[in-house]
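In the two complexes that follow, chain A is the common piece, with chain B as its partner first and chain C second.
Showing the complex of A and B:
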């Protein structure tokens, strides 16, 4: 082992130290911050942004970006509510349709970027606007809940299936009774799967190669276009899964919810670059980044900081994380090219 | 004797430890076209960049009409009458603006006044366009013009500065024959007007049409000056390529059965078709000038491009790859040139770079990579290629250029292939790495056909059993690598324009 200089140490452990420091400060200011209830709250909010962030990580790995994840998630929320409340179908149908919708959006994003040569930021930005509008058309802009009055005067009588609501609300006994929300279990499973896929399989390896030098990857016989599309499909499916969890937690299709999903999950994925000095998108870093954002928001909420202050601090933290990644580490192939 | 427009004496330039120009002496007389030839890395583009003010020289002196000339930047060079039209045409024009704005761009950039007088601009622009014989509606946007017109706009824009020296860097590389003719007649007019012209090109047909003098460069020095009629074109090419007979002696093994056969292969619509047979246990080098079609052939063989015409067979079966993945699956591998652009994955370590094309061979169910097998394969290649490193997990960018090259070449030798194509495998490596790579290519050649593309004849002589010469996108010569007639080989590299008809 070679010894590490102070700069190396700062790059490698700086963000973990910052997170520990944040927990200490919040605990001193608000002792309730350390309570199990607060931890559960953090984990629950982390679950949805974390899953979205893991999806966006897949697109970052191939040197792309997906701005449509927030809109895909809220679309999935509205779709699942529509399926169960208005069409009166079951939980399984709702989940399957949402995941298919996410995959379809990912395919379209990939098609626009790979075949139509639209720059990734613009293609997914357009898709975001499109979905934000589309998800409101069926209900003329109204939220969906049981008992709502439809356009033709009928009353919606369908209800959210209990097994669907479990996804967002059920808690598992873990040391304390009713401690760990089911959605957090989903997050952990997804995070482990993403980590294994990106770090341990040849597909992940090849995707990192594409992100680092797409031309060289293509000349090595790799199907660059196919893997790019795959990354957007992964992102779309993960985002729709996040939307399902959101719907299950709220128990309604709420047009006002999910506005912060994009910022929070992109911040988590980009903060992930700085964790352990990886200087590249990675699943572990993204999970830690999501936890970081969750702790920050919970702490600020408990200190009664208004939402705009929270947005400001999130943005500032994101900028600091990017400085960590690109300026200090200086070994990012991406930043140098 | 024409007046000396530009004189260069003892020009020296280094980038870090890399010495690019080693005391260049050069005269560019007014009213004459001086053609500058030189292989990649000979120092041509550095010389041009000093003349047009992009770089400043470390030592030596440039005089323009007798006065010292040391421009502080491209704009200063332009003001003093040194005009450069770059290879990449879009460097010289702003595609989104109309022709008139482009022609007047320099005066717009440093002119005074806030508002544009459209009518006055248009009249001025038409006068400038007329001066170079460009008949065109000056209100059209440049983006909508054909390539040749864009280039004329770039030249016309430059001509507004009453140039003393016009530098043209490979100006015909993207022009059709008719468009090139238009450019040539413009050059003739400027020559009569007493402008000194420095013309950089490898196209022998252009050079025969235009050159009054030829200057050859090699390794940062002028290696030959050719004047008077008739010009010694072969001598100029020889001076540019140079050659030292190296002590490598090749034992040519008995050639095996044909592995790859092409019949009537045509790489460009206007190129002559050719046949190509590559055998097992045979290393064939393909040499030729920049732009002679070597890389175009590699692209066809590797499924990046489709030939205009012709049949290809690999190991007896029809072969027509549409993607590199299909070529690799058929056993045709390409180690590409320009490793930092085409081969190296900068974020990966040596091991990951080595196994990149063959991750499927090192992974089990669900695509999980078998780390131990991967590492063992990497260590075998590191040993076989003689890569100097601490271990397979070192970052690729921590290696020297020669060792990086061993990694990206070794990548394709780790698995058995039917046809291995190596495009400039000795590019940017030191002599030891060059020997190591060449030895490894030869000792592993038994069961495959091997095609090495190299512009340097020395390299071809060091590595090949047979040397093919390419020119104007066709094969113009074949030599068995023993007691080679170097003069003839050089003439084939240079004189292929004899075979095509001279432009009228």
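Showing the complex of A and C:
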């Protein structure tokens, strides 16, 4: 690693350079792009998908996949609304129940995959449909908001607790007053924690070992099944956290499938493979990937680009990132076999 | 000359007419409604609007005493056409087609008509003169909302517009927006954006944040779909611009009412038809066809303008209050006959 060839340099820093170039171009075209407020709302716009993407990363590390995260997030959103608006309980109860729900879904996913030997994509696909349906059963398909009429004819009088709404709306003084939303702080904390866990702790290294060769890891005396279940629990909890932030931002329980959340966060995690030439799932890359998509979309929106061009460009970025990962860094590129 | 006695008799008969009409026996086949089977074949079903539409269909069907079967294709155009065939095979008497694509539904609808089944269509043009169209007038919706915007802000303002092309009701609302812009050259549209990525409100909020920071001089946001308006409101609040930006939209739900009534809310007005009423009208139009009456080729459910001030002055908290306190919203006097039984209120 002493001297790097130009190709190696391109693989390592190409994506970060691309991102820097993008920021320069957008700033030249729209000066408003380069302001602290703009930076903060880009972070805010990626906070929820970023957290979900970090959860996906955990499952990718053990060579798994979690398709249910979008549905877990929207289920957590409905659950938190149900707890506060219909059961009229507090913010803490809502948060705790949502996180427990996420952990439970992760446990069930892990159980299906590890014990029942259902392939990961199929098990989590089933869970996705199950949750999309389940979250609508209590309200017969309606969104939840204060003042809604319940099945028994009563009117829901509960409201979203102010402490809960703070999670999505409160801003912390940083450089400028009222600048950084709490959701961004949550994203940064989660990203750092995930990075530390995956890169610096024994558990994280073991998970990478399982991802690259589960059999070898098992022969080395590692509890493979346990760690794989853990990965799905992490993913479920992160997804429910994303759902909590979503509910706090929207201020109601919104009927939504969460498919776009799933796709965006998977895209971020996959783009992350290309960052610093890692060619494998990693927390730093995932965070950068989410940020990259966020910068791109916010910049394009400022330039009045319609949504379909944004989808097109998002897809193009993903394809380029995957080429970076699998072709250019081919020698070490054995990310998902 | 009319004598006093005949006048009195006339007056009495006029006064008695409504009760006589109520007592009027329903024509066949509604003299034995338990034998009447109707089907609702849906293309769109997820969301508050479609949920409320379904409840309207169910209530009106129950009021008439007919059997209702619901087929839900969940945005699968081919499946929806198959479901029409399934309904034909089941031998239903009437079919309501709710949304869908002209291309896929046109022939299926024709097959149903050929099988002697009465058909009405809501918000999908199946290009068949025998099939009445039920419509919430999207052009009127947009017109009412924009008239409110012009009344509040004068005819010269900087505007942002939320639009996703290719969605029929949004396209019809867009026609009105283009016309209003042409009639009022003082309207300066500086940004057009929009997305249907769900949760829609969250995705639109992200976009609207960018738009507001790129165009901090925006005074009016026209967001002719309530999910769009929710997203814009979140962005306006986050940008601290509620005092400066006014939002005008279409459609309404309980959650929307709460948002419009928040202190200092930027969401000033929305134009809406009650989706439950549209559902009731769909069933009534079908019932008229079944009884051999003609509801006309187009049955338009008129929209109502709902302003922030109205909601606050009448202390309206949810859709039920809205129906109770704004009678125009609770019942549309279209597709009505003397024998029609209405759902209880």
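Convention: the second predicted complex is superposed on the first by the 327 of 337 C-alpha atoms of A that agree within 3 Å, B and C clash if a C-alpha of one lies under 4 Å from a C-alpha of the other, contacts with A are read in each partner's own complex, and residues count from 1 in each chain.
Everything that follows uses one rule, which is that contacts are C-beta pairs under 8 Å (C-beta built on N, C-alpha and C of every residue); 3 or more make two chains touch, one makes a residue touch a chain.
Just so you know, these numbers come straight off a predicted model, no measurement behind them.
Enquirer: For the combined arrangement obtained by superposing on chain A, do chain B and chain C clash, or do they fit?
Expert: Overlaying the two structures gives chain B and chain C room side by side.
Enquirer: After the superposition on A, what does A:141 contact: first (chain B), second (chain C), both or neither?
Expert: Touch partner of A:141: chain C, not chain B.
Enquirer: Which partner chains sit in contact with A:298 here, chain B, chain C, both or neither? Use first/second/both/neither.
Expert: Touch status of A:298: second partner only.
Enquirer: Which partner, once the models are overlaid, touches more of chain A's residues, chain C or chain B?
Expert: Here the partner covering more residues of chain A is C.
Enquirer: Quick check on the superposed pair: does A:280 touch chain B, chain C, both, or neither? Answer first, second, both or neither.
Expert: first
Enquirer: Is A:249 contacted by the first partner chain B, the second partner chain C, both or neither?
Expert: The second partner, chain C, only.
Enquirer: According to the stated criteria, A:59 is in contact with first (chain B), second (chain C), both, or neither; which is it?
Expert: Neither partner.
Enquirer: Looking at A:219, would you say it contacts chain B, chain C, both, or neither? Reply first, second, both or neither.
Expert: first
Enquirer: Go through the superposed model and pick first if A:149 touches only chain B, second if only chain C, both, or neither.
Expert: In the superposition, A:149 touches chain C alone.
Enquirer: Touch check for A:205: first (chain B), second (chain C), both, or neither?
Expert: first
Enquirer: Rounded to a whole Å, what is the shortest Cα gap between chain B and chain C in the overlaid structures?
Expert: 29
Enquirer: Which chain A residues come up in both lists, the one for chain B and the one for chain C?
Expert: Comparing the two interfaces on chain A, one with chain B and one with chain C, no residues are shared.
Enquirer: Mind listing the chain C positions that touch chain A in their complex?
Expert: For chain C paired with chain A, touching residues are 45-48, 51, 164-165, 191-203, 205-207, 209-211, 213-214, 216, 230, 234, 237-240, 253-255, 257-259, 317-320.
Enquirer: For chain A, which residues are in contact with chain B within the complex?
Expert: Against chain B, the touching part of chain A is residues 196, 200-203, 205-206, 208-209, 211-213, 215-223, 280, 331-334, 336-337.
Enquirer: Looking at the complex, which residues from chain B come into contact with chain A?
Expert: Result: residues 302, 323-325, 327-329, 334, 336, 341-348, 352, 356-357, 359-360, 362-363, 366-369, 395, 397, 411 of chain B touch chain A.
Enquirer: Give every residue of chain A touching chain C within the complex, in rising order.
Expert: Within the complex, chain A touches chain C at residues 30, 32-33, 35, 37-38, 41, 44-45, 48, 74, 77, 140-143, 145-149, 155, 169, 178, 181, 246, 249-252, 254-261, 297-299, 301-304, 306-307, 310.
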